[in-house]
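Okay, so subunit A shows up in both of these, paired with subunit B first and subunit C after.
For the complex of A and B:
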């Protein structure tokens, strides 16, 4: 199995390099909204002194960290897989003795991510010198813990997106469903506004959803804002959500493949 | 030993959404879709023994590809049973997938943007092929298909024929015991077709693999297969030796004649006149097999004939006749 992943990596890594320019466009598009939130909230906080206790530096550190977490935990499985179901290219992969979504697509996504992060690092450094954040609250332990937290977040996000992508077995409208899902992430992950600034109701709902695992939770972890209890809670909820999303994905996938093979692969 | 492929009463009915053109119909179909049943394959039975090369023939839409997809596991049938190498294909068991291959025309097993060599190595890992076995198989494939010069170029820079060679090779690296080939020579020029055919024949001889192939090119079938299965409108029309086909389906012979003043004789009273574009100098008639001797002696007695030949009708015509029955 290790060899499969190694070779998949070689193939997908080489493949991603073929689309460097495309990747740069994607990266810029991706960066627009978080940087805009960063700029807007910082200037509001500067004008008012603070927003509900959030100072300008709080916003800057929050969004600078969000940029990293977003890169690590987000996924593009809908774009690398959705069309395969719709145009039938999946057939070639289904007759191979490996799971198309949990091997090839996953590695493709990770290769994409690594290349994106390589392109993104210099931009982050530039932003760092532009906004001069004060990261004095960050401790090494938080940063180290954030790595497994973000990896966990990535897998939860990947499995949920994979389940949504597999809806393409039934509907061609899967892209709009995924857009709706992105709106939920925007709202409940802490991407649009740091969660504590959201109405109480949204914060309460967010507690029961997996989305803060993608951003709010690892951000707070890195910034050293969580108690030990909160850290444990986060990991436990991450593991539970990974279980739920895996079961959900497997169920959608199994039935989807059955349907695919019923209507004419 | 039990047959490699057993197919019993295999059927597949597609439900195809159907609506009239126009806005009203579009709105109605949004709420209540009408479906039409399309019977792609109807209660087909056949058995294929290990090492056989069988040609699967039929016009477009006859159900060939549907049958092939069911046997490779991509499609669930609506009825009947199929067993290949002891597996039920549509359970998609990894052990089954590792012992067969499906090559579908232009569908790529290879990654478009990278050299085929990388995709080959990936397949080696996926199919768990030990290094020494991989090297051996690759060497054999290279001998037969001359792959080496193609390996380093990105697949998208290969010509259609080169790509097809690589596709087929990629599908055979794991030495599958059963090969399902859907139009393996489609889009290739004559040399390319001949190459692939020779390769498949050699592969079958060397490995004893069972091959089931569909093709539009009759030459593929006549060159490779001793047995053919003809399917039309989802029904099995013929299953047997290619040489018996003309006896069973069209028990006719062609009589070709060189005549002095070829256009001044009425041949229709001897048999049905047939056009032969390849050999316009000769006149041809088609007669029933049992009448050949009688008609020939009559012709020789009646007409100024320089030369006479008696042949089987071309296989294309025979199959055409089978479809029209």
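For the complex of A and C:
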């Protein structure tokens, strides 16, 4: 099994490396929103002294950390897999004795992620000097704990997206469903603004959804804003959501493959 | 007259093409409404925590959202589909047939594909602008509204010209099919007044990829922040950029030699 993963890594890394110029463009595209929100909220905090207890520096550190967490926990599985179901190229992978979504696509996504992070690190350093955040609240323990938290977040996000992508077995409009899902993330993950600044109703619902595991939870963990109790709560909810999303994905996948009759077959 | 006739027949062809995907149109409009809801909610969240954003009020940001959606529609309904077709035609040489037509090739390349359901977006955008201006109340004079319309048109022309230059570069660098990504990437910055951005970002979105020229600056005219000299400058920048863009296009066409030769 290890050998299989090693080989898949070599292939997928080589494939992603081909598109490094595209990746820079993609990186730029992805950077604009967080920087825009950072600017909007720091300008508000500067004008009013603070917003609901958040100072300008709180916003800067929040969005600077968000850039990292979003890089690690997000996934592109809809783009690397959706078309395979639709145009039938999946057939070739289905006959192989390994799970297409949980090996090949996963490794491809991770290769993409590593390359993105490599390209992103120098940009982050530049942003650091431009915005001069004060990271004094960050402790080593929080940073270390955030690593398993972000990995957990990535797998939850990957499994949910994989389940949505597998809906392509039924409908060609899977990209529209994904767009809707994307809006849910924006609303409940803390991507737009730290969750305490959202309306009360949104905060209450977010408690019961997995989306804050992608951003708000690891960010607060790194910034040292969580109590021990909250940290444990986060990990527990992460494990529960990983279970739920895995079961969900397996169910959708199994039924989908049964329905699948490849194009042209 | 001739141009209008062509434009209307382009439109008819595109309506026919999109009629094959009626259900998609409905889904797209629903998603579009969802994003509008999100945009209004996010403005609501911002203004429940503050009374002004960089000195701008809620009403002005509604109008800005309208102008932003105008530019966004230009991007999604014209720039995106036509660029895709153009890049394809450079790669496979079908650009030959476009040049052979007895019509201005720049016009043909930029208007032959129209994403029809986006007309809906145009209506929404104009509604937002009208509602926003109404909410600002007495502070807006007729002169301000006129300069606003003038500069919004100018800004659109600046974006259009930049687009022409970007795709014309493909004549020199055939493999340049990321040509409009940079425009698309920075588009989102038009949602908020550029005056709240840090200086380096403001310079980028004003001078390098001038999204702000089409969004923030018309709104500044509406607020009466610009004097006559500034309005004149932006107007001439618009005219100038269009002239430069058509020259670049002509020079690029001379470089074109077909795909097979």
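As a working rule, the second predicted complex is superposed on the first by the 260 of 265 C-alpha atoms of A that agree within 3 Å, B and C clash if a C-alpha of one lies under 4 Å from a C-alpha of the other, contacts with A are read in each partner's own complex, and residues count from 1 in each chain.
Note that a contact is a pair of C-beta atoms (placed from the backbone, for glycine too) under 8 Å apart; a residue touches a chain by one contact, two chains touch by 3 or more.
Predicted model only: the values in this text are computed from it and were never measured.
With subunit A as the common reference, subunit B sits beside subunit C without any clash. In the superposed pair of complexes, A:20 makes contact with neither subunit B nor subunit C. In the superposition on chain A, A:39 contacts subunit C only, with no contact to subunit B. Applying the stated contact rule after C-alpha superposition, one finds that A:186 touches subunit C and leaves subunit B untouched.
Residue contacts after overlaying the shared chain place A:254 against neither subunit B nor subunit C. In the superposed model, A:52 makes contact with subunit C only, not with subunit B. With subunit A as the corner point and C-alpha centres for all three chains, the angle toward subunit B and subunit C works out to 90 degrees, nearest 10. Using the contact criterion defined above for the overlaid structures, shared-chain residue A:176 touches subunit C, although it does not reach subunit B. Taken over all C-alpha pairs, subunit B and subunit C come no nearer than 7 Å in the superposed arrangement.
When the two complexes are laid over each other on chain A, subunit A has no residue in contact with both subunit B and subunit C. Those residues of subunit A lying in contact with subunit B across their complex are 3-4, 6-8, 10-11, 14-15, 18, 89, 91-92, 94-98, 257-258, 261-265.
By the touch rule above, subunit B contacts subunit A in their complex via residues 14-15, 66, 69, 72-76, 90, 92, 94-95, 97-98, 100-102, 104, 107-109, 111, 113-114, 118-119, 121-122, 124-127. Across the complex, subunit C is touched by residues 21-22, 25, 28-29, 32-33, 35-36, 39-40, 43-44, 47-48, 51-52, 130-131, 173, 176, 179-180, 183, 186-187, 192-193, 197-199 of subunit A.
Residue ranges of subunit C in contact with subunit A, taken from their complex: 23-24, 27-28, 31, 34-35, 38, 42, 45-46, 48-50, 52-54, 178, 181-182, 184-186, 188-189, 191-192, 196-198, 200-201.
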